[in-house]
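In the two complexes that follow, chain A is the common piece, with chain B as its partner first and chain C second.
Now for the complex of A and B:
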């Protein structure tokens, strides 16, 4: 699942190396529009709807936090 | 705050759209998106066509056009209007109230109530609430609620957060006492601590417009705006809506002892497609019951978006049948307001184009 998350991130912002970053938000790699795009992709891929109250920058700061968000929204490995 | 009104009804709704149509595809170069990102956001957010006024057209122009349409087609009589409530954030002038200008230009009777209300995306239910209260007066039998905004003029062309979504429009809703027994339930809340989440910083008495307030500045997200422009903290507004609207609707329905499934339509303010889909998902409401197609067809015209959703999606149905509807407005203020009421068997329910 983490590989898929990285693929989506790279698709949205191909100019960045997300695997080498520890905080996508602080390093300016994702803005709110990128997060919206990512949420739409993840919702579609996993057949879920990520809870709107959890669409917060801190839940998209790195691959682990996005992974945890997916688990919380019912995605299983 | 909980609200309850007895024996009131809506008898007609008319939406007036400016004739100028702008297409997102023609504006892409204004925004700092890649071509691929633009196409993806177009689908997700609902970027599409927007109706905007030509320079010089104001909220009162749209309202007067719509009211004349109703007079000319015998759908409303001038002398029957006992009160007129205009909800707008884009008045013709600071002084006097725009509703008074409309009253004068249309030569309406002097023995009536006219008032302006400064409200944004909650403006439709708030205007209706005011009409219901006015109808408690013995001499008030018919209230015209006008929702009108031309905020496209206050959004920077380089603001990719707000510009692709913002439209202009007006709506006219006729509200009367009903001879049949009914109860309308409502809720309303405000949080002025969030006032800066959606604000035009300059142009009022606190910060008058100057050459300095007109200078563009670019924020970290790539939006270029001046202090004279509308500033929306999109992240804050999104979180506010997702946190506050679903419990507001739960509370409203509990107050009315009504199940979610009993509601025929959830006619909500139309900020963008993504936000509405997230709300519907969280509330467990099918998309077919919560239309989200106003932004892509006309743009978000603030308090006019709910009546636009109604006339665009249900015009034919609402003159024949009646439906239980949950209305919800939410936005600047911060403000969030809801109503649960039957709407239908209307004398008119139309969308028309403004023409000079």
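Now for the complex of A and C:
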């Protein structure tokens, strides 16, 4: 699942190395368009609907935090 | 007496509310008195460095209180300001600076290195090195300016690769802001939550309501717009009551259904513009906010200062009908002209043209482009009278409201950003000089698409990383299609109409 998350991120911003970053937000690797695209991709891929109140910086700061958010939404490996 | 320039308005406000909060950004806040002192210190430095009047001063700063103090400082010095986007790649900044030839650039420690990379002989004022103890010279040159002198220059995407500098006079802003103040009953009690970048004409309204009426301007940190729940928390924490945002932000909040879990009871006025507002999403806002909230659909290109046609949402609002752009603002006249340059009848589509004090003075250093769109009113055969041809197609309905249809050229709107597809193409062909390519817009997906002809496949990664060095992020295509041979018309040019149909399944 982490590989898939990385794939989505790389698809949105191919110019960045997301695996090497510990905080996408602080490093300015994503903007508001990117978050909208990423949430749409995750929702579609896993058949979930991430709640607007969960779209917070701490849930999108790195691959691990996105992974935890998906687990919380009932996604399994 | 009638005020003739923007500094007179600012001085009046600063005298009325010296201790009131003028500006709040993520790291600081300034009272009107403190803002005035800061602006005057910057003005003194500009005059010392450049000795110019009525010349452009480039402001290369992020969206902060310092940027607004620099705008005011420039006007105190009798010059006109030009905000530059610190997120733009350096070559684009360099192209703008070359065409603009400003008398100096105001920047800070963080961004000065980018200016040095440009290799231009322009004086630089570094705000972080400004001498706080320096004596302010009160002989400001703004007193020599009249209302038809330029106040600012904003750059919009140009088809030939170099952005066009739209020059706006003091008079145009005075005309516009006085209409906004009366129409939306603006006082010093307004707490404005700013979303749009200062390189956008939409921010003119936010900034000048603060300057004219003593409203407080909150420069909302950009990260809040990435995470809309935190944006709504910000509104509540600061008791924001007035917003003028691009529809994309309002749509995102509606799609995430955030106004149920997070109430924003302080909001009283919701204005939007820069692109088409979908009525279903507006319906969501109307159903979830207080009944007395005022909604305004604001239409107008940069070339007419801000808004020339406005629709205030009323009881007739219907989620299943597209929102009119509305009726002309006071002291503005709209002409919808057909191909014979005659006034269209009710229901007949034509090009929307504007006349009034709001018209820009023209494009900076570009008489040819200026004369192409700021033209003699074809309906007036007796005296010289300029109109601006917007390139937008619209019609007048039976209720006397204008309805927007679309563009007559290759210009698109993406989250309020006005983009000429020709500018994207220009940069792509200059970076990838072995391919032939056309840039298109997929309306359904709101996506910029590049179709290219090349012997070998170029990876998306290669395209995007190279284009990021010359194009702003919102201009970079997100879909890439390789064709062995592009369809051509009989003259040998790319058959754009055919490819456009393919992309849009029309």
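Simple rule for what comes next: the second predicted complex is superposed on the first by the 77 of 77 C-alpha atoms of A that agree within 3 Å, B and C clash if a C-alpha of one lies under 4 Å from a C-alpha of the other, contacts with A are read in each partner's own complex, and residues count from 1 in each chain.
The definition used in the following text is that a residue touches a chain if its C-beta (ideal position, glycine included) is under 8 Å from a C-beta of that chain, and two chains touch if they have at least 3 such contacts.
Bear in mind the structure is a predicted one, so any value in this text is a computation, not a measurement.
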Examine A:25 and indicate which partner it touches, taking first as chain B and second as chain C; both and neither are also allowed.
second
Would you check which partner chain A:36 touches, where first means chain B only, second means chain C only, and both and neither mean what they say?
both
After overlaying the two complexes on chain A, where does the chain B footprint on chain A coincide with the chain C footprint?
31-33, 36, 51-53, 55-57
Note: in the complex, chain A contacts chain C through residues 13-15, 25, 30-33, 35-36, 51-53, 55-57, 60
Contact set on chain A toward chain B in their complex:
12, 28, 31-34, 36-37, 40, 49, 51-53, 55-57
The answer for chain C against chain A in the complex is residues 222-223, 225-230, 249, 252-253, 256-258, 261-262, 415, 460-461, 464-465, 468, 473-474
Give every residue of chain B touching chain A within the complex, in rising order.
33, 37, 40-41, 44-45, 160-161, 220-222, 234-235, 238-239, 241-243, 274-275, 277-279, 281-282
